[in-house]
Structure formats: structure tokens, C-alpha cells
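A, B and C are the chain letters, set down in written order, and residue numbers restart from 1 in every chain.
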């Protein structure tokens, strides 16, 4: 199952433009498997855009287009994720995303984490409970919420909400996890917990993380890419 | 993937609904337009009377819809003249002067007024006419004036609400600019806020005009008749397009009359369509101004 | 300063006047309908049939007529309106949904009497053929036409309610692999329920309050309809028809009873809508 040469994502000649502005220019790079790769660079240079390329979430923006190839090693094989045969919902179950500002759905904690299971048609209650518990434990949130799983998720603190979103993204066991500045809206204590958990996660999951905090990158990342002027300047 | 059949059926249902609605409306409106297209001519409007004579009121029109058109025009003109000052003033009050308690209470009443079925407004108008007839003057009967008043009551809540919303939607920057330069409340209101929200207010007025033009239930009870010639006085009966259409549909003597009915329907439809498009255009210009700041 | 006060009083007066009109309308109904209570005919009003020649002036058949026609119209219109709103709010691809949106908005400007006219000459014959009995002027025809009339109200309300659902929920669901239908069912509908309910209540208000369609299409027989093909009369049509009667007669007074019923009904709906609260901040005000 391990990708040849340990490369999880292969990007070749990727160019991305939005309404006349070229955001990414002829990018080529490899993302290592089961490691944390940080994407850094000055703001507005396309870091978040790069992440959204990997789960094709940019496609609802009008006036945006993409050229080049992106292959991700999923289910034992390299897949061209922009090929017609690639189904978006299936892709997004394998390539999860956590956003800068936590976005819990207006439901209970349990239902939030169980939501992806519902979407993919899992109906077995026991299966769901086990998966939710496992995901919450992976996100270091289980101990804090196990007694109040049916409370509204929006009542959690910022740091807890973010860990909830991470748990939710993990519940279907994605092979790749995309983190868009996951700690920038959190305080120092919450940040530390999330950083610990990221480092634990990389054992099962390839992580690509956008961060503007260089110290964080030093602490957490195995590899780094600097995105500037739409190009990569390696760490 | 679980539920692809459900997925597809939901999407299918959405498309089917769109198709059903489009066919229903298209069918109904299209039928009238197609059937009546042949009757569109000066003859429809003026009958056998010469157009010039009719327009200069030298001669009566008997088989044309000219009197009904004039009647509708007079009716709408009168009711809007009554309704706009009151409605816009009330709307300004609600947006700029009312406390939140008053806003809530008055707002509830305006919503209720807006929800009252038009036939009840007509019944009210009729009752007022009878009341005045008995108590004040024998000459007062259901007539153009009573109809106009009743229609004014009908569109009043709508005018109030569109004015209120137009003013309340102005962004904060617009509101604080003039006061920051020393303008009084009134000055800000009349020199800055009203001009900026004018498009919204005007589009509300135009839609009210449309509402007055198409109403049938109110005028049925307050003075419209099938044959009255051109409106001569506000205390007299009058004709109107919507009522003409209704009467024809209930009883038409011959094919010619029926065709006049179709023609009238097209004319009324055209008037309302034009007003609607006008209101939309004006409202869109409002959006531009709001987005791009002061003119 | 004085100027300020003057304007405030003047404009406030306009607002107060409008409130007064609302109360006055109700007041007139009560005062003019009061004799009915005094004459002891009040309860009979709601149970008797309408046979003025025999002294019975019950408005029960009309109440039933209103409920049946409005209820049916809502039943027909709701699924279609929800489907159209779903299509416009994201379930549909391509240029057609936006065109549908425009069409729906345009529909709000179509005069009711034109719908009625088209109904008489197009729909009624079709229904007559299809049912092969009756005249076609019946509950079914009226309900069908009415459902077309109230559809724009519902659709526009629904579309606004869907638009007000916070985008972050939709993006979250999308990133988790939810399809458009799943997002619609699990996020949009639950998120917009207030607007959906308000839309339905408002549309019912319109359905109950409409006069012309019932008057032109429903046949106006003042009896309890027993099947969809039977004619019926609504409270609104009743008012339009009986107003030609003698003003001081008992028959005429029943019009005010009809008026009170209608007034209370629509007021209750307005209060209900306010309680539910609208999903969007800037409420879409339906066309008058």
C-alpha cells in the first residue's frame, strides 16, 4: 500500500489562474507520504488555493481554471484526480480538509463527527459509534466530550471546535489530510494540543499543512515548500 | 454509492417541477396571447368611433376598451396620489424615527393590513360609502373616489415596507458621512438618505401602480361598472380593464365581444409586464449604487 | 429643532393613520356584523346551509369551500414550489435554473384576472373533457389555477431561505464529500425551515384571500362540495356575489361574518409567520 518512492502526491506543470491573475505558475512537486509537508510563503500567494487543488474544492469559483496534472496515490494506485472518471464525493472522502476557521455544522457533537458516515451510507449504529469514538480519540477530544456527545457542537470552545472538525475529517480514514492554517484562530494552549495531534496523525495519514507561523513549521513539519510568485522554492 | 437512485430521483423531481411550472404559466399566458393577438388593433381600443374624436372626448366609444383604459388610468392615478405620500411618510417614520417598540407594534399592524384579503378591503370601502351616504351626503355612492381610497389602503402596507427597507438597507458609511460633517437629522434624511434610497422607493411605487391596475376584487365592490363611458367625475361610476375582462368572461354576447376580452387581457398583461420590468430595472440600479458607494 | 419635531409628528401621523385603518377595517366588520349576534343567529351562521329563500343564512358551505380549495391548492403547489426552489438554489446546472428564477419573479406581476380568464377558456374545458362530467367549473379547476397563482410566493420565499443558510456549513459538507442532493437534504432544508414554513403560511394566506379565481372558476354553488368535480363557493367569492343584496338584510350582514372569519384567519397567519421568524435578515416582501 505504500506508494513507490514514498511519494503520495505528484504535481506536474500545474498552473492555476483566476480571472486574468495567474495564481500558480507551472508548479511541479512531490509530496511525501506519511509525513507532514508545510506550505509557507507570503500571504496571497496561493497557499490555500494549492490545498484546494488537491480536493478540487476550488471548482465552484467562477472564472477559475487549471492546467497540468495532479496524481494522488489512493487505494494502492496513482490516480489522476482531474480525470473524468474521478468522482468528487469519493475523492473528498479520501482527501479530507480542515479549514482555518472551525466550521461545525449546526448539530450535536456526535452528529457532526458521524455526518460523513451518513453521507457515505453507513447505517449500522454500532459501527458509527465506534468510528466516532475512534476519530474523537485521534483528535484528542474524546475525554472532553464523551459525556456530552449530544450537546450542540457550537457550544464548544474554539480549540475544541477545531479538534472536532479534525475528528470529523478523520472519521472516514482519509489517506491525505489538508490543513489550512489550522491553528491561526486558536490560542497558544489550543495550538499546542493541535500540533501534538498532527504529529501523531502522520503515522496513518499524509498531511499537507498551510502555515504562516515559521516556528510552528520548525516544530511540526518534516518537509517544507515555500510558495512565492506562484512557484516553489524548496526549504 | 448508496442511494444513487434516490439522488437521481430528487434531481429529476426538481427538474420536473420546473418544467411543470413553466408549462402551466406558459400555457395559460400563451393561450391568451395567441388567441387574442388577432384582436390587437385600434378597433379594439376605439371600436367604431374615430380615434381622434374619442381621444378628444368628442364622441363616446361603445365597442372599444378606451373608456376602460381611461378609467383604469384615472383610478390608478388617484389611488397612488393618495397612497404614496402617506405610505412613504410612514415608511420614513418607521426607518428613521420609530423606537424599536413602535417598530414592532406598528410593523405587526402593517403586516396584518398587508394580509387582509382584497375583497375585505373592498367590503370596507363599500361599507364606508354606505355609511357616508346615510350620514353625510346623499350624493356619496360607490364611485371612483371610494375605489381609489380603498385601493390606496390596499397598497399602503406595501409602500410602507418598501420605503422602510430601502432606507434601512443603506450601509453605515452612508449614514455617518453627513452627520460627521455637522448635518442635522433632517438634513441627512433629505439630502443624503432619501436620494440614495430613491430607487428602492420608486420601484415600490411602480409595483404598487401595477397592483392598483390589476385589482378587480376591490373595485368590484366600490363602484366599477361594465358600462359608464369615460370617467367624468370622481363621484361617478367608471369602467376599468380588469373588471371589463371579468365581465366578458362571465357573459359575452358574441365572438366579437369575446375577442375584445382577449384583447383587453393582453393589454392589461402588457401594462403590468412593463411596470414590472421598469421596477426591476430601477431596483437593479439601486444595487449598483449600494455596492459602489455614493453616486 | 422645531422642524425636526414637525416632520417627526407628521410622518408619525401617517404611520398612525395606517395603523388606524387596519383597526378600522376590523371595527367596521364587527360593528356591522353585530346585529347577527343580537338576533341570536350567530351559531346558526356556522352550521346552517345557505338557503336565504328559506331563511337559512349559514356560511358553513363557504367556509368548507375555502378550506378545500385553498388546502388543495397548497397540496398541489408545495411540492412543485419546493422542487423549483431546489432547482434554483443549486440542484440544477446550466442556464435554465436562472431563467426559471426570472420567470417566477415575472409571475408575480401577472394579473389574477388574466389567470382566471385563461382558466375559463383553457383549463375548464380540459377538465370537463377529462372528467367527462360536470361543467368543469369545480373545486379541482380552481385549486389547480390557485396553485399556480401562489407558487411564486412560496418559491421566492424558499429561495431566499435557502440563500440565507450560512455558506460555511455548505463548504464543510462539500469538503466531506457530500453531493449536491445530500447538501440540499441534510444542510439546506433543515437550515431553512423557518423560511420554508413562513413561505407556506404566507401562501396559505394568499390562497384563502383570493377572490377572483374562486369566483370565476369554482362554480359558486353555495353547497358543500362532495367531490373534486363539484362546484363550491369560497368566503371571498360569496362576498363578491352577495354584495348586490339589500344592505339591511340578514343575508348582507352575513358578509361581515365572512369578513370577520377571513380577517381573523389571515391575521392568525401573519402572527404565526412573525413567531416563526424569517430565516433571512432582510425579509423578502411578497408582491401585494
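Definition applied: a residue touches a chain if its C-beta (ideal position, glycine included) is under 8 Å from a C-beta of that chain, and two chains touch if they have at least 3 such contacts.
Please read these numbers as outputs of a predicted model, since none were measured by experiment.
Asks: From chain B, which chain is the farthest off, judged by mean CA positions?
Replies: A
Asks: Between A-C and B-C, flag the pair that has more C-beta pairs in contact.
Replies: If we tally the C-beta pairs in contact for A-C and B-C, the bigger total goes to B-C.
Asks: Could you put a whole-Å number on the gap between the CA centroids of chain A and chain B?
Replies: 54
Asks: Taking the mean of the C-alpha atoms as each chain's centre, how many Å separate chain A from chain C?
Replies: Centre separation, chain A to chain C: 49 Å.
Asks: For chain B and chain C, let me know how many angstrom lie between their CA-based centres, rounded off.
Replies: Their C-alpha centroids are separated by 18 Å.
Asks: Give the residues of chain C touching no fewer than two other chains, as numbers and ranges.
Replies: 179, 182 - these are the residues of chain C that touch more than one other chain.
Asks: Give me the residue numbers in chain A that touch at least two other chains, ranges are fine.
Replies: Chain A, residues with two or more chain partners: 89-90, 120.
Asks: Can you list the chain C residues touching chain B in their complex?
Replies: 3-4, 7-8, 10-12, 14-15, 17-19, 21-25, 28-29, 32, 79-84, 86-87, 91-92, 96-97, 100, 103-123, 145, 148, 151, 179-182, 184-185, 205, 208-212, 216, 236, 239-240, 243, 247, 255-256, 259, 262-263, 266-267, 269-271, 273-274, 282-283, 285, 287-288
Asks: Please output the residues of chain A touching chain C within their complex, sorted ascending.
Replies: 55, 57, 60, 88-93, 96-97, 99, 101, 103-106, 115-116, 118-120, 165, 168-169, 172
Asks: Provide the residue numbers of chain B that touch chain C in the complex, in ascending order.
Replies: 6-7, 10-11, 13-18, 20-22, 24-25, 27-29, 31-32, 35, 85-87, 89-90, 92-94, 97-98, 106, 108-124, 126-128, 130, 153-158, 160-162, 165, 169, 184-186, 189, 207-208, 210-211, 213-214, 216-217, 220-221, 242, 245-246, 249-250, 261-262, 265, 268-269, 272-273, 275-276, 280
Asks: Along chain C, where are the residues that touch chain A in the complex?
Replies: These residues of chain C touch chain A: 168-169, 171-179, 182, 186-187, 190-191.
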